[in-house]
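Next up: the structures, one after another.
You will see chain A twice below: alongside chain B first, and alongside chain C after that.
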Partner chain A sequence: MTVAELAAGCGFEVLCLPEPEREVDGVYIGDLLSWVMGRARQDNAWITIMSNVNVIAVGTLSDVSCILFAEGVLPEADIIETAKAKGVNLLVTPMPAYEAAIKLHEAL
Partner chain B sequence: MKELSLNILDIAENSMKAGATLTEIIIIESSLELSITVKDDGCGMSEDILRSVTDPFYTTRTTRSVGLGIPLLKMAAEMTGGRVELHSVVDDGKTDAHGTTITAYFYKNHIDFTPLGDVISSITTLIQGHPDTDILFSHVTEYGEVGLDTRELREALEGVPLDTYEVIKWIEGYLEEQYSEINYKK
Partner chain C sequence: MSEELVFRYDVNGDDFTSAGQASVQVKRNLRQLGLDSDTIRRVSIAMYEGEINMVIHAGGGVAEVRVSEDCITIVLTDKGPGIKDIEKAMQEGYSTAPDEIRSLGFGAGMGLPNMKRHTDSIEIDSVLGVGTTITMKVNLG
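Take a look at the complex of A and B:
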């Protein structure tokens, strides 16, 4: 399933979708960035509540298919611009991480 | 990072890459605050580079386009209400006062304060990886001070390399002993 299909299917709001056709494979949840860096796998959908620019950097490094901000956390506009430029898909949902993960599990 | 000591290791590695001959690692701790300073006499950074090092998409590495050492330290400090200060003087061949100093300030009582962790292992890892450069380590607390100066050690060792197994083990024990004295007073 692609990120664009996933966003539509789960009702996640799109913040930016520079690579809508990326396939989603699995889910990773975590907020301690150095921890996520070594553990999130390529093509995972990564759920987090952190929203600074380092999150985009970790998204690039671990090559996740998208970052899903849980609990309605919204990054600043310039961070969304950085994500666009670096080809990182950003989604947001008001759901807590657990519920968002269940949604993803049902969809994938 | 799960422990600030890993941040320290990461930042000190930058000093080694900058060609430092002496790297000072100084931790100053009171009941409320903790500061970490890494000061080197390496090649230094220009104003432009200095401004960009807190940007995670800046790096001196060539293998990837993202460098997270300083951005993660800054984040860890700011999460507690603290900050990071950076000063650098570029080596222009005219001054000996070149090098970079980075200081991170933390508020220990903040719920998001990252524990300092295993500093001893960071120091010995650093010495093991770079036995030919010098490290001055100092951890000042209300209860006393822990310290190590590899320049003094080198003199006493008369040519025995610092990365010799027995030397590393000795450093470990030396620091452990000093820490246990402080912990005893606590």
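Take a look at the complex of A and C:
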């Protein structure tokens, strides 16, 4: 399933979708960036409540298919611009990480 | 590829928000060379952790990535305070990072362990008050 299909199917709001056709494979949840860096797998949807600019670097380097901000956490506008430029898909949902993960599980 | 390719990057120590730029650039360069995605991922993760460490602890430094026929070598050099206890620093969860760094999602004590996990070899040469050089290798093929 692609990120665009996933966002539509789960009702996640799109912040930016520079790579809409990327396939999503599995989910990773975490807020400690080094931890995520070491453990998230390529093409995972990554759920986090961290929203600083380093999140985008971690998203790029660990090659996740999208970053889903839980609990309605919104990154600053310039961070969304950075993500767009780097080809990192960003989504947001008011749901807590657990509920968002259930949604993803049902969809995938 | 018979000649060694060398990429060199200055890691700016003043700006934590720009940390990762060198790693992202390396990733792009390695992709252009047509290396497989797992290798690229390992190199860029190891390098990013090193970059973050140089920014947090050493006020920046220099990162060099050498691509030869059989391996990729990453050399990170800084003139920081040096690592007091390398054995402890290699343990997952051991951290000397300040609180403001932790609030950004770093400082979990995973940096060096992640670098070790994602590379085939790691050598740490550190002198207190002088600086640290870390050499990592990722084998190709």
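We adopt the following convention: the second predicted complex is superposed on the first by the 108 of 108 C-alpha atoms of A that agree within 3 Å, B and C clash if a C-alpha of one lies under 4 Å from a C-alpha of the other, contacts with A are read in each partner's own complex, and residues count from 1 in each chain.
What we mean here is this: a contact is a pair of C-beta atoms (placed from the backbone, for glycine too) under 8 Å apart; a residue touches a chain by one contact, two chains touch by 3 or more.
Since this is a predicted model, take the numbers as computed values, not measurements.
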| item | value |
| --- | --- |
| Partners on chain A (chain B, chain C) - clash or fit | clash |
| Which of chain B and chain C A:Gly38 touches, first, second, both or neither | second |
| Touched partner set for A:Val14, first chain B, second chain C, both or neither | neither |
| Which partner, chain B or chain C, touches more chain A residues | C |
| Which superposed partner A:Ile80 touches (first chain B, second chain C, both, neither) | neither |
| First, second, both or neither for A:Asp63, with chain B first and chain C second | second |
| Partner chain(s) touched by A:Met1 [first = chain B, second = chain C, both, neither] | neither |
| Which of chain B and chain C A:Asn52 touches, first, second, both or neither | both |
| Chain B and chain C footprints on chain A, overlapping residues | 32-35, 37, 52-54, 57-58, 60-61, 86 |
| Residue ranges of chain B in contact with chain A within the complex | 1-2, 6, 55-57, 64-66, 68, 71-72, 75 |
| Of all residues in chain C, those that touch chain A in their complex | 16-17, 19-21, 23-24, 27, 37, 41, 44-45, 48-49, 52, 104-106, 108-111, 113-114, 117-118 |
| Chain C-touching residues of chain A, taken from the complex the two chains share | 31-35, 37-38, 42, 50, 52-55, 57-58, 60-63, 86 |
| Residue ranges of chain A touching chain B (in the complex, touch as defined) | 32-35, 37, 52-54, 56-58, 60-61, 82, 86 |
